[in-house]
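In the two complexes that follow, subunit A is the common piece, with subunit B as its partner first and subunit C second.
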Partner chain A sequence: MTLDILMSILVAGITTGALYALATVGLSLVWGSMGMLNMAHAAMLTMGGYAAFTVSSALGLPVIAGFAGAIVIGMIGGSLLYMLIVRNLLKNDKSTFESNVMIATVGIGIALENAILMIYGGQPLKQPLSIPGTLMLGPLALPYQNIVIILTVVVLMAFIALLLNRTRMGRAIRATAQNRDAAQLMGVAVNRVYFQVLVLSGGLAGICGVMVSSITQLSPPLGNDPMLKAFIMCVVAGLGNLPGAVAAAFGLALLEAFIQYAAGARWGFPSLLFVVIAVLIWRPSGLFGRAQIRRL
Partner chain B sequence: MTAATLPPVLSLKNIVSGYGGLDILKGISLDVGAGEFVTVVGPNGHGKSTLLKTISGLVPLRAGSISIDGTEVTGKPHTVAGLGVAHVPQGDMLFPEMSVLENLLMGAYLAPGKAEIDRRLDEVYTLLPKLSDRRHQIASTLSGGERRMAGIGRGLMMGGRILLIDEPSLGLAPLIIEQIYGVIAELSKAGRTILLVEENPARVEDLADKLHLLDDGAIVWSGPPADLLAREELLATYLGG
Partner chain C sequence: MSNQPVSRPNSPTGSAKTDLAITVVLIAIAIALPFFVDSRYVMGQIVLALFYATIASQWNLLFGFSGIFSLAQMAIFAFGGYATAMICFYFGWNVWAAVVPGAVGAMIFSLAVGLACLRLTGVYVALLTLAIAQTMYQLIVTDTECFTMVGSICRQFTGGAVGFARFGELGTRALLKGQWLVGNYAIVATLFAITMLFTYAIIKSPIGLAFRALKDNPGYAVARGVNRFQAQLLVFGISAFFTGLAGGFYAAHFQAIGPGILSMSQLMFIIAVVVVGGVGTFWGPLVGTVILVAADELMREAGEFRTFGLGIIIALSIILMPKGLVGRLGDLVRWSRKRGQAAHREKLAESPAPAGE
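And now, the complex of A and B:
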């Protein structure tokens, strides 16, 4: 393997890893704080991609407005999901919430995907929010779009880390994730936290939709592949573990890129599944799922 | 108005609560006055923790009423916390992946500003100096006694006027129990209003102003701690001697 091939694989792997990380963080945030596996995350991601397309192409507004539109649509999707579904399911028996909300969001995801199919049709569309051209650094070719994706994800990850660790809202989210009852006793309104988490996750899904479609194409099932991969990353990292999810996203994306180069594209996804099975056997709580240390 | 005629800070009237189809508390009434130290004793599984959880809103009230400063409380736990009720639950319920300092700061979640948070933090570190030494340590790695201290410290950070403490001695070594009750005694001397539940009445003999004996979700005896400890037949019947 020559150096330029190696570098190309690294660039492709890191770009894909950045996209996986973005999808994974949204999913993991919701799972970690609410115990909710949001199966409509894929559809929210797709909505973001189409929202940017509509604002930029159909309405003719600047590209940045399209990007903002994707975030807003994702956040609206998250808030509606809370207000119409999650809030009502939480009123019922808490022990059935996890299964009920998973089934409900499967239905919502299917309905949204079909709604997008009806509105936009099944033909793939080009996402206008993509930057053509390549930066040449000696033998290394870096597409501008990949650079934008990586930088955007780095900024977003820093933003999420600051939000969770340095703000009152972030501390409330982490507290709710770690002990819901104790958080309530401290004065945290956990329903407000759930709302905030779903809005934040929706916004991240919207951005992810724009990023994924900028290097592929817009189509109604756009979010399904990133969602499936994100779920794999979450399981490998340990459900709800955000830093672990980001590390797993980059690690597995690089592994997938190398396997696709070495053994062919068709072996990429099976290799990820193999890793999941191995991790579940070896460490059922995930690679970074910390076993609780409790001294007595 | 004398202290005796002041309305109680916390007043429970015939409260009923429980889980599923089962009532655990079956009509409990008690009052806690400002600065008073009231203890509810009783055997395991007879509703002591449920009593505190019902007051703080974690377990919904099915009948009766709870009043704080004369105002009836019907809210959720975060609104009860906002009224100045600080609940130190059994088993600490710390945030296991947060540091001691972050746990304490969560206690001050509703505090009005940074100056007030810093003031409360100083107060807690003065009373519980070990928490200052351990402030950057992750809560799940603390020893049992340190966790209990952190739980009390977090309750104090809430700045609540009413402190609900659930079995602070549970599962701890005698020396640690002594230290923890020493801290509680200091809080009481400083004028804090305390409602504490405990299995062993001897631990609060010198501390509590009033003691209620709980059996099967109902109060069966009330009076000064020394009176209960002198009643061997009551101790034998309800607390196994």
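And now, the complex of A and C:
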């Protein structure tokens, strides 16, 4: 029976790992290319989840439309974030951008979460985009929902990798991430890159919101827990490092699943935090981080 | 490039003479206040606002003057409050005896957080401190193990989701009877005044200059022999002491402390206070508190729009006035002064200009 338990821990760990990876990549992409920590990411996740709920249960459209609705809302959120906040803050002093954008997105995040609370109410709702049933593979029980989540995340990761490595847009994003000024001098429209990155990250957040709510429930603070974990995964991997972020997401999610089984659910996050602090004392810019931080 | 001066001639606190004048006016207002306010509700809100101003001034010392974006400010405040409440609850101490050990406890907690986080810089510090604060909240809320039995009720060590209540009071009720709130107001106002005094002394001292240098240009400051880690740990400890002290008095004033103060919206309120008032300005937190508490009272009429409005205020004020109200005011003063100088200089420049041809 221990194998059974081990297997279910593995399945749970990999599923949450996939979700964290999606949330982490959204954050890390924005940080890596523009040096912006998007504290409103959680609210964008939640918005995606609720958008899917509205489209498919209130409007009665098919599941795929709900999914598309989540992506579209996330993208709109990202573009509004650029047009209303980021574009204005970039006009100010460059050195204050990092902290100012963090404070501004904190405000936006809390306003959005509250707006969702006012529109939909605080009681948890069921996400209609979930697939019941379990696939039995010998002793292994795989809920269909988990399979869908893992497959979607793998496809999305491949899509992002292709986008960043093979397209013109991806090249511009990478160039901006490496050296903003040099990219601008070489004719990259840096502001357009910022806009694209935020839209992309918003779309990812929307998808992630649907996924997270499909295995839990829809509630206004839905995005906070994945975002908090995504934060510390970004920190462990080194902010802005995408492959590292994915690896850290899966590793830490598995660790969390094991600790939650062994020591009870409430110790999951504190132990993660402890691991993160230990890693950071050893390597202050994360496991795979570029040495962005000058050790002074 | 632009014609903005590289170094600003005025220090962020303005001149000492102005500060002194403001202080005298504020003390006069503070003394006069109880004679004009007879509503118990308003008085209660003023006391609460003073707590906010104290916490905000210490967060401003951290972020505005030293450039450490810590999101553990409410956690440290809560630690001070909890430590005080727990000392009173478990050992039966008087509140007055417990606030200082509570503050020292908060300082030690903060130094431990600092040891873990301050090796990093910028957003990494923000993320880790946020994670630590959230962990503290979750551990308190999910605490269900019985530590002691009070009557037939199970008490958790940390008070659990309920927190602590009725562990003691400041003694103003016995002394002043119906006017106890004014007594508490006097205590909290004194606490705020002492905190501001110490903060002022720190900012003006050589170590305060070191904090500012590390914020403005870390590379240069370190090259000139400032130890970043030690200096930032020091400011972490100093601000935590006063924050923890405020926490202790907060618990004593309300005779209750619960995990609610660790919530995100409380932290947001403190950040909003500093941002609206002016990051890195000495009087900013006080100005911000007055404005935001007033706005909060107005939005109370709007009920559920309160948190929404707060979020929008934070975002708008950072976009429209990144230096806050006090910073804007300073800009205005400098701008008019510069305009006066520029007009003067233009007059001088008019005659030699053709000679240069």
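Keep this in mind: the second predicted complex is superposed on the first by the 288 of 296 C-alpha atoms of A that agree within 3 Å, B and C clash if a C-alpha of one lies under 4 Å from a C-alpha of the other, contacts with A are read in each partner's own complex, and residues count from 1 in each chain.
One rule holds for everything that comes next: a contact is a pair of C-beta atoms (placed from the backbone, for glycine too) under 8 Å apart; a residue touches a chain by one contact, two chains touch by 3 or more.
A quick note: this is a predicted structure, and the numbers were derived from the prediction, not measured.
Q: Looking at A:134, would you say it contacts subunit B, subunit C, both, or neither? Reply first, second, both or neither.
A: Neither subunit B nor subunit C is touched by A:134.
Q: More subunit A residues touched by subunit B or by subunit C?
A: After superposing on chain A, more of subunit A is contacted by C.
Q: Touch test for A:174: subunit B only (first), subunit C only (second), both, or neither?
A: Only subunit B is touched by A:174; subunit C is not.
Q: Using the touch definition from the top, say if A:185 reaches subunit B (first), subunit C (second), both or neither.
A: A:185 contacts subunit B only, not subunit C.
Q: Is A:85 in contact with subunit B, with subunit C, with both, or with neither (first, second, both, neither)?
A: Touch partner of A:85: subunit C, not subunit B.
Q: For A:108 in the superposed arrangement: first (subunit B), second (subunit C), both or neither?
A: Only subunit C is touched by A:108; subunit B is not.
Q: Check the residue A:273 against both partner chains and state whether it touches subunit B (first), subunit C (second), both, or neither.
A: The answer is second: A:273 touches subunit C but not subunit B.
Q: Touch test for A:99: subunit B only (first), subunit C only (second), both, or neither?
A: Touch partner of A:99: subunit C, not subunit B.
Q: What part of subunit A is shared between its subunit B contacts and its subunit C contacts?
A: 293-294, 296
Q: With touch defined as at the start, can you tell me which subunit B residues reach subunit A in the complex?
A: Subunit B residues touching subunit A: 56-58, 76-78, 81-82, 87, 89, 93-98, 102, 105-107, 109-110, 140-144, 154, 158, 171.
Q: Across the complex, what residues on subunit C touch subunit A?
A: Of all residues in subunit C, those touching subunit A are 63, 69, 116-117, 119-124, 126-128, 130-132, 134-135, 138-139, 142, 218-219, 222, 228, 264-265, 268, 271-272, 275, 304-305, 307-316, 318-319, 322.
Q: Which part of subunit A faces subunit C closely enough to touch in the complex?
A: 31, 37, 85, 88-89, 92-93, 96, 98-100, 102-112, 114-115, 117-118, 224, 228, 231-232, 234-235, 239, 265-266, 269-270, 273, 276-277, 280-281, 284, 293-294, 296
Q: What residues of subunit A sit close enough to touch subunit B in their complex?
A: 168, 171-172, 174-175, 178-179, 181-190, 290, 292-296
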